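Next come two complexes built around subunit A: one with subunit B, the other with subunit C.
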Partner chain A sequence: MTYLKLAITVAALGSSTPAFAQDDFSGTLKARQGQFQIMALNLGILGNMARGRMDYDADAAQAAADTLVAVSQIQQAPMWPEGTDNAAIEGTRAQPTIWAENADFLEKWAGFGEGALVIQAAAGNGLEALGPAMGPVGGSCKACHDNHRAPAN
Partner chain B sequence: MSRGLILGTAALVACVAAGLFVTRAVPEDGVSLASLTPDAERGESVFIAAGCASCHAADDAEGDAKLILAGGQRFPSDFGTFVAPNISMDAAHGLGGWTLAEFASAVRQGASPDGRHYYPAFPYASYTLMTDQDVVDLWGFMQSLPSVATPSAEHEIVFPFNIRRTVGVWKMLYANDDWVMTDAPSPEVERGRYLVEVLAHCGECHTPRDALGGMDRSAWLSGAPNPTGRGRIPSLAPANFDWAAEDIVYYLETGFTPEFDSVGGHMTAVIDNFAQLPASDREAVAAYLKALP
Partner chain C sequence: MTYLKLAITVAALGSSTPAFAQDDFSGTLKARQGQFQIMALNLGILGNMARGRMDYDADAAQAAADTLVAVSQIQQAPMWPEGTDNAAIEGTRAQPTIWAENADFLEKWAGFGEGALVIQAAAGNGLEALGPAMGPVGGSCKACHDNHRAPAN
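On to the complex of A and B.
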């Protein structure tokens, strides 16, 4: 009889679920995906001017470029907690390399900042300056997405 | 011994011999190439469009480092992990000492100088329609590149696919000398077809494959699971993909989508290559994609 009680107790302990709540990362994901959306919106303003799809407007271009610089200054660490890579949770394309190769990820992030400064310096100076100035930031986006973002589903 | 046993053994030997014969690696004889003059500058364009460095140089190589073709990049797949070999001009570990015919056999037929099959992770199924002049020019360019004495690593492939002869069966099933787009409506679309179907081998990632890893040409460019990880390679078929030609051209140069998302994963290497080609080549690719049925 004792063995039966022991067996039942062990079984009950083994199948119980933890009492604490699952971590909810939805706010974190919205924040960091939102920052990339802001980049896309402002790159869109600048890019569409450079492509001739939107009339060039020096003030609007400067404001967009200033916004990119502002985004580049957002502290990244709080938005990339451990356990929010695409192997651990759904709803993100963040590769585990962001954590495993964190120095490379932060270097790529810094590259975006450098590219944003290049556009900021050129944006108000006319269309001829703007086109080539888009190059470094485009390269920085690609460089990070190459390793650290998974293809879409 | 019984007569039945002798006949049975003879039949078995005959079957094995026939099987070995039909699955052998067939090299090229180089006759059509012999009269052509190599142009290394044109060859560099072929090298860029075909993306040789994207697989055979180091993963993070940039600039001149992309000309160090030491191999080593790893490509996980359903069949195991393929490791890119050294294709520098090193005599011991690379292509030093190869003839033009041997190079053409490798690139267009997937056949090695010692008569073995290459695995179709090397996209010779696409390169098979590379023109004679492009092969000659490419070889001329590659011979100008540095030699690197890095030994090539073995592939890590699961049984039974690690038996190279099985690729002979794969080739019988899937090798195809025809264009997918059989009628190209203009010279520009013809150039786009050559870039997409052959040199840039877009179909190798963008076309779904069956269980034995052959491209399903009836679903050409209609998207596929990412071969090396999570997610999907998107469809470029007109039913799913409606970018304007201008947007395709801009994307191939900058990596920016019409919404100013930015390219990622292996496609960044493709953009890096297309950005170096003439604008007319990017426009030709766009024209081809818009001409798909």
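On to the complex of A and C.
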């Protein structure tokens, strides 16, 4: 059991606060908010190329698109425990509708995954292919934010 | 360009601070620290099962393992820009060795990906298969932390 113990210890060390501490959702919030930051970072790369603010680079575009697909394969349930909506805790804009209308939320999350595959198929094929391919992901982000994320301030 | 504009706007809205704001690495830190929180969350699930603190569930174990593999496919470079080590900025334990010995850092990151595949192949095959399969990931976490992460405090 030495290796197992090591893995568990390392996992625990990985978070400055234990992910399972009761009523302390700071690790949970960091995980799910970090996920969206990874998406924003890579959409930013693709968007900057598409708008001509950064030179188009097929390899860099593909890597960003592949990352979006990878993020879409992260299981969501453990990052959205009950009691982590913006009516229950500070530090989140996640609305209670995420839990009350969970099927809708998950459908919009699935839409992100489908859109990421569209970008992945196009990203390496030149700038003219990239721009239009970003549409479905943009639509899925907006649809979910409109329904399930509180406005900033 | 309507869809494209939408995607870019949504990407920008996704972060409370723009990922590319000069000298503001808060989004970058959130992204990469969130990544490790996602890893810790899913390693925690697997570790709790392996230690008997949570009932073993093949589907849940597989979902956690698949998530580790997905995280290993996230491109790392954009989350580790120069100037984001713990000698340069607050809020990180990332040591300058990550950049000075980048090949070593990336080798250890690749080791995580290889270890995640080992867990993925075993996770659904029962509790006795799961425990030993966690060893390589545990080893890769520890190896990277020992060399490239500053101690807490």
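The rule is short, and it goes like this: the second predicted complex is superposed on the first by the 131 of 153 C-alpha atoms of A that agree within 3 Å, B and C clash if a C-alpha of one lies under 4 Å from a C-alpha of the other, contacts with A are read in each partner's own complex, and residues count from 1 in each chain.
One rule holds in what follows: a residue touches a chain if its C-beta (ideal position, glycine included) is under 8 Å from a C-beta of that chain, and two chains touch if they have at least 3 such contacts.
In this text, all values refer to a predicted model and were calculated from it rather than measured experimentally.
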| item | value |
| --- | --- |
| Which superposed partner A:Ala103 touches (first subunit B, second subunit C, both, neither) | neither |
| Touching partner for A:Gly27 - first (subunit B), second (subunit C), both, neither | second |
| Touched partner set for A:Ala150, first subunit B, second subunit C, both or neither | first |
| Partner chain in contact with A:Lys142 - subunit B first, subunit C second, else both or neither | both |
| Touched partner set for A:Pro132, first subunit B, second subunit C, both or neither | second |
| Which superposed partner A:Gln35 touches (first subunit B, second subunit C, both, neither) | second |
| Subunit B versus subunit C as contact partner of A:Ala63, first or second or both or neither | second |
| First (subunit B), second (subunit C), both or neither touched by A:Asn86 | first |
| Subunit B or subunit C, by number of subunit A residues touched | C |
| Common interface positions of subunit A, toward subunit B and toward subunit C | 39-41, 43-44, 47, 51, 134-135, 138, 141-142, 145, 152 |
| In the complex with subunit A, residue positions of subunit C that touch it | 1, 3-4, 6-16, 19-20, 27-28, 30-48, 50-51, 63-64, 66-67, 69-71, 73-75, 77-79, 131-132, 134-139, 141-142, 145, 152 |
| Contacting residues of subunit B [partner subunit A, same complex] | 226, 229-234, 250, 254-256, 259-265, 268-269, 271-272 |
| Sites on subunit A touched by subunit B in the complex | 39-41, 43-44, 47, 51, 86, 93, 134-135, 138, 141-146, 148-153 |
